[in-house]
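Some structures to go through are shown next.
Below are two complexes that have subunit A in common, paired first with subunit B and then with subunit C.
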Partner chain A sequence: MRSYFRQRTMQSAISLFGLVVLVFFLARLTGNPTDLLLPVDTPLAVREEFAARHGFDQPMLVQFGRYLLDLLQFDFGESLRDGRPALQMVLQAFPTTLLLSFWAMLISLVIAIVTGSIAAWRPGGVFDRIASLISLAGASIPNFWIAIVGVLVFSVWLRALPTSGTGTPWHWIMPVTVLFVRPCGVLTQVVRSSMIDALASPYVKTARARGVRSRVVIFGHALRNAMLPVVTVAGDQAAGMVNGAVIAETVFGFPGIGKLMIDSIMFRDFAVIQAAVMVTAVAIFVLNILIDLAYALLDPRVRHG
Partner chain B sequence: MSDMTHPTAAAKPPREHALAEAFLMLWRDKFAFLSACFLLLVVIAALFGPSLLPDQALQMNLRGRNAPPFELERGWLYILGADNMGRSLLARLVIGSRYTLMIAGSAVVLALVVGTILGLIAGYRQGRIATIILRGADILMSFPSLLLALIVLFVLAPSVGNVVLVLALSRVPVYLRTCRAEVLEIRERQFVKAAKVLGASHARIVFLHILPNVVPTLMTLATLEFAAVMLSESSLSFLGLGVQAPAVTWGLMVADGRGYLASAWWLSFWPGVAISLTAISANLMANWIRTATDPAQRWRLEKRTRA
Partner chain C sequence: MTGHLLEVENLSVRFHSRGKIVDAVRSVSWHLDRGETLAILGESGSGKSVSASAVMGLIDTPPGEILSGSIRFDGRGILGLSAKDQRELNGRRIAMIFQDTLAALNPVHTLGHQISESMTAHGIPAERARTRAIELLARVGIPEPERRFNEYPHQFSGGQRQRVMIAAAIAMEPDVLIADEPTSALDVTVQAGILKLLKELQAENGMGILMITHDLGVVAEIADRVVVMSQGEVVEQGPLAEVLGAPRHAYTRRLLEAVPGRHGYPAARDLSSEALIEIRGLSKYYGVSAGVLKTPTGREIKALDDVSLTLNKGEVLGVVGESGSGKTTLVNTLLGLVDPTKGEVLYRGKSMLGPGNREIARNVQVVFQDPTASLNPRMKVGRIIAEPWAIHRGVLPRAEWPRRVAELLEQVGLRPEHADRYPHQFSGGQRQRIAIARALALKPEVIICDEAVSALDVSIQAQVIQLLKDLRRDHGLSYLFIAHDLPVVRDFADRTIVMQGGRIVESGITAEIFEHPRHPYTQKLLASRPVEERMRGHITEPAE
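Now for the complex of A and B:
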């Protein structure tokens, strides 16, 4: 268990470092990082002074060492917009996105597990066909369009829900909905196929033959074993939540990390983008460790292997 | 794994017969049949639409600004309404289909080719090169695709080429891993060992013996990937990081219509319908292809006529 765990953590750490290197070289790909870090109309003298202060006139290797040193001290530079440290802005926006993703993930997992399990009980039945079609549609419909239709119906026509902000629980309904539809569709399909396999296995047949109630068979026996692939896919979907959050937060003016990133792109605020990307990467790093833990809890083979 | 289940080992029916069989199987699955028809329509629109409607999509008509849908007084081209400059939405959807399909298609093909090549290398020659390739894939996979696209397109300007590049880059690991897993299995089979003993070169073994057996799996994967890539492209366009006007994609049309939501909902609505229907159809088709090409599942599609 411990060696497995250490190995997985090392892998994630290597990925994280790879990303750090990627961002460093991307920023220097266009030639001059001052183009990214300073406003377009900065005079040449200011540019040169800025480059000298941040060491952009040094050799590449020295720059890379300095960049790593800054990262280790959590120094991502200052925002161009209001001069605050980039990291501070990102950390301020982060909890909102985390909470948004948490609710979306929770709702989609609950719906997916219940729907997928019932659908798997009679593959090819009426419920299964309807559930399959709806989950396929849920996984295929673009979330920005769901957001727009949501605004149109619930805000413009019915005037029931607010279009932007975070003030009341009502503000959260549409962003969470937009965020949970796609993962829910994907997860329902995974739960269904995984449950079909589990229900066909010998231990389920034994349980049924012994006359165990079908509810107990589905949720007690089959589900636990069917959960392994679900946990993997759920992990991928949770990491991909940022993708959806960028869309939902942009449409609904939600002050999370996604909106911060898009705003920073519009202002060409590279320091903030870099900080946001790094913080997200670390969050996903932590998430992957949690998923491995969940895996070990569910599967004794991992624990003892 | 017996060789009987393998398509190349089974006796091949005559080509026409196989096509007719495939069509019958498609006809029986009504959802798959409808999807195939819709996809065909979209492809025809993308191929011939722009030459059939060269001006209508650009022709501005200030009196017809935001003309509502389902009114035929301006002609059938305005059946879906007009945009904020009085351009026919239907014509713009047709024109938009070309860029939308072209970008998604190119990205899928690029990722498929690069992923397959890297997967063949990583699977066939184990060692340091394979480790490096797989670690690279891990890095790409461990990071949300949209974020990767955002930061790359921030540094490089958003253009058709860069968008294709970014979309392909984030999907390469999918093909790479699948291809590698298949290669690892196939290289241990008898016919590969036989070829090796007969003195075939590495290139000959990889391209003549292994690749043909990997291709069907990867093609199925590519059809499944198409919808996902199209959705990513639409998201990027929607966020203003995809292709830029005057080029038009469906995602861009949804974004353009956002400002008119209260007064003219159809501006954003129809392109979204187009994206959704295309993605749903592509996914249904991919599922159908997967079932039809899987010998263990094929009976699901065949059984219904016999009964």
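Now for the complex of A and C:
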């Protein structure tokens, strides 16, 4: 297990370095921050002074070298907008997004496991057909549409839910909904199909031939095996939540990392973009390791392989 | 009251699937008494397992439907019991073991848990179940039972898994043990051990055994009485000696006729000494590496170790070995799928290895074990057979393809119009014929048969072997015939090579190998198949 961690950390380090390079140059492809941040009529001398202060006058490779050196000391630089350390801004926004994703994922999994298992019990039955239709719809509807329609219906027409902010639990309902619908639809379908396979498997037949109770057959034997593909897909969906968070947080003015990223991109706030991308990437690497661990926990064949 | 322990009477079961109705069994009757072994013998699709599933309450409605009949166990009707009553019976009084042990055991639970479960499900406290499970593991011959109690199915060999299945089945000392093809997936030496174990257990606790099998050898070895099934009906039943010695039904006679190893050895033929394939000192080692950097540990697995052999023109060379003997690596090396560590493979004196051997490759074709897997399900048969011509351009002009496909189909005993169908529309035996037609497309000199008949029912097996013989006669083909099954080789091969652990341990004229095996492993292989001998005993000396 320890060699596994060493291996994973080394792989992650290589990928992270690639990401560092990519983010740095891609961000600079989008335009010159000097033009964007300073008023149009700023005198040339002021412009040059601004560029020199932030190092924008240096050759690209020198900028890159300095950026790397700073990174090694966990210094992502300062925000161009308000001068706060970029990392600090990102870490402040991060827990909000984490919590948002956590609730969305938890709700997705609970609904998917319950619905998918019941649907698998009688494939082609009434419940299965309704569940399949709804989950397919959930997996296909774009989340920005849900966000906009949600605001229109619940905030504008019904005036039941707030449109932005994080003050009360009511503020969380719509953002969480926007995030969970899609993973929930996808996961329900995965649970359903892997549960159908598991229930038809020879080991379920063996358990029945032993006189094991139906409840134990379903939860102890079938569901445990059916969870393996679900864990993999849930991991993918969780990583994909960053995309959803960008939309949900932007639409609902939710102060998470997604909104921070969008704002920083609009502003060419390089240091914050870089810090946000790096923190997200590290989070996704950690998530992947957790998923591998969960998988090894569920499947002894992985543990011994 | 008839007094039989388990009795099935006039059972008819129908399955509905996708609008089709399949009558799986029609009016099947049989009975089993304490301490006896009843074999239900049938080929695939004969419905031999259906009545056993009905006994265990494993036929779900839908798709199944029990049309008529009754099942009595210990004097009590048990067909259509409530789920609760069925659970009382299953595992406690009637237990069942299955063929594919890797699939039939739950991969995520320890074997100890699964054995204990067959006791805890019937109210035995967990601690006592554990103690008993360890005793049972020891009883069925698993070394170090305490430690292995906590291991998972994939950590056991196939034979050991079947022993564990048996341990779980006998945990509650059932009156009846139903064994559904328990040895079909196992090597012959392992198979013999399992059958011996079942007989010992039966002698100890007097349970009745219902053995469901397609293997006449297993029947001859273990059964007291036999039920022969074909197409959902019982065609014949009676004491073993009667059914095997004086079969009354035509189907049983055909089945017996088809058993390999009954017709003596292939007649000694004048073999040419023109060598087609020569293998010299072929070795394939796999290094064992460990850690992040995959540093070699210096340990090596010798999949093939200094193997030399010659295949002459017109000859059938049998290669026999159990799993792990190196058969598969040998085939893969010949096909260029694996690069050997050492040694060379010559075809008519030219190396077959490395690039630029396409012309040579044309002359050596292969037929694999599983025709379902080796034929592309999305291609029509005509295209499958024509594919070699698409790969080796210039062999046959495109306009000629349909005519030649029709010819090939006729050669392998199919009809020209079959070219327009898909593989799934054929039976297993027919699919293997299609695979043979494809192998013939390039007019090869050598066909490698890699377990080519192992997955087929005996009667089909015999037909495919006959086809291979006819093709050899008509086209002067040579075969490298690889099998784990001795009797088939005995019927067909001129010379036989026995492999173990990557090495050739014995080789010679087939009759010599079978009559006077010199190497202990060959002797063990032959000894673990006394069943054919016994069966021949039954057949040549009809019941008194």
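Note that in this section the second predicted complex is superposed on the first by the 246 of 305 C-alpha atoms of A that agree within 3 Å, B and C clash if a C-alpha of one lies under 4 Å from a C-alpha of the other, contacts with A are read in each partner's own complex, and residues count from 1 in each chain.
The criterion applied here is as follows: a residue touches a chain if its C-beta (ideal position, glycine included) is under 8 Å from a C-beta of that chain, and two chains touch if they have at least 3 such contacts.
Keep in mind that this is a model prediction, so the values were computed, not measured.
In the overlay built on the shared chain, the residue A:80 is in contact with neither subunit B nor subunit C. For subunit A, the partner with contacts to more residues, out of subunit B and subunit C, is B.
Once chain A of one complex is fitted onto chain A of the other, the partner contacts of A:280 are limited to subunit B, with no touch recorded for subunit C. Once the two complexes are overlaid on the shared chain, A:18 sits against subunit B while remaining clear of subunit C.
By the touch criterion defined above, A:136 reaches subunit B but does not reach subunit C. When the two complexes are overlaid on their common chain A, residue A:109 makes contact with neither subunit B nor subunit C. By the document's definition of touching, neither partner reaches A:272: not subunit B, not subunit C.
In the superposed model, A:178 lies in contact with neither subunit B nor subunit C. Touched by subunit B in one complex and by subunit C in the other is not one residue of subunit A. Note for the complex: subunit A touches subunit C at residues 3, 6-7, 10, 201-203, 205-214, 216, 220-221, 224-225, 298-301, 304. Residues 56-58, 83, 86-92, 95-96, 98, 100, 103-110, 117-118, 121-122, 152, 154-155, 165, 168, 291-292 of subunit C are the ones that touch subunit A when the two sit in their complex. On subunit A, the positions that touch subunit B within their shared complex are 11-12, 14-16, 18-19, 22-23, 26-27, 29-30, 36, 133, 136-137, 139-145, 148-149, 151-152, 156, 239-243, 246-247, 250-251, 261-262, 265, 268, 270, 273, 277, 280-281, 284-285, 288. Residues 31, 135-136, 138-139, 142-147, 150-152, 154-156, 227, 231, 234-235, 238-239, 241, 251, 254-255, 257-258, 261-262, 265, 268-269, 272, 275-276, 279-280, 282-284, 287 of subunit B are the ones that touch subunit A when the two sit in their complex.
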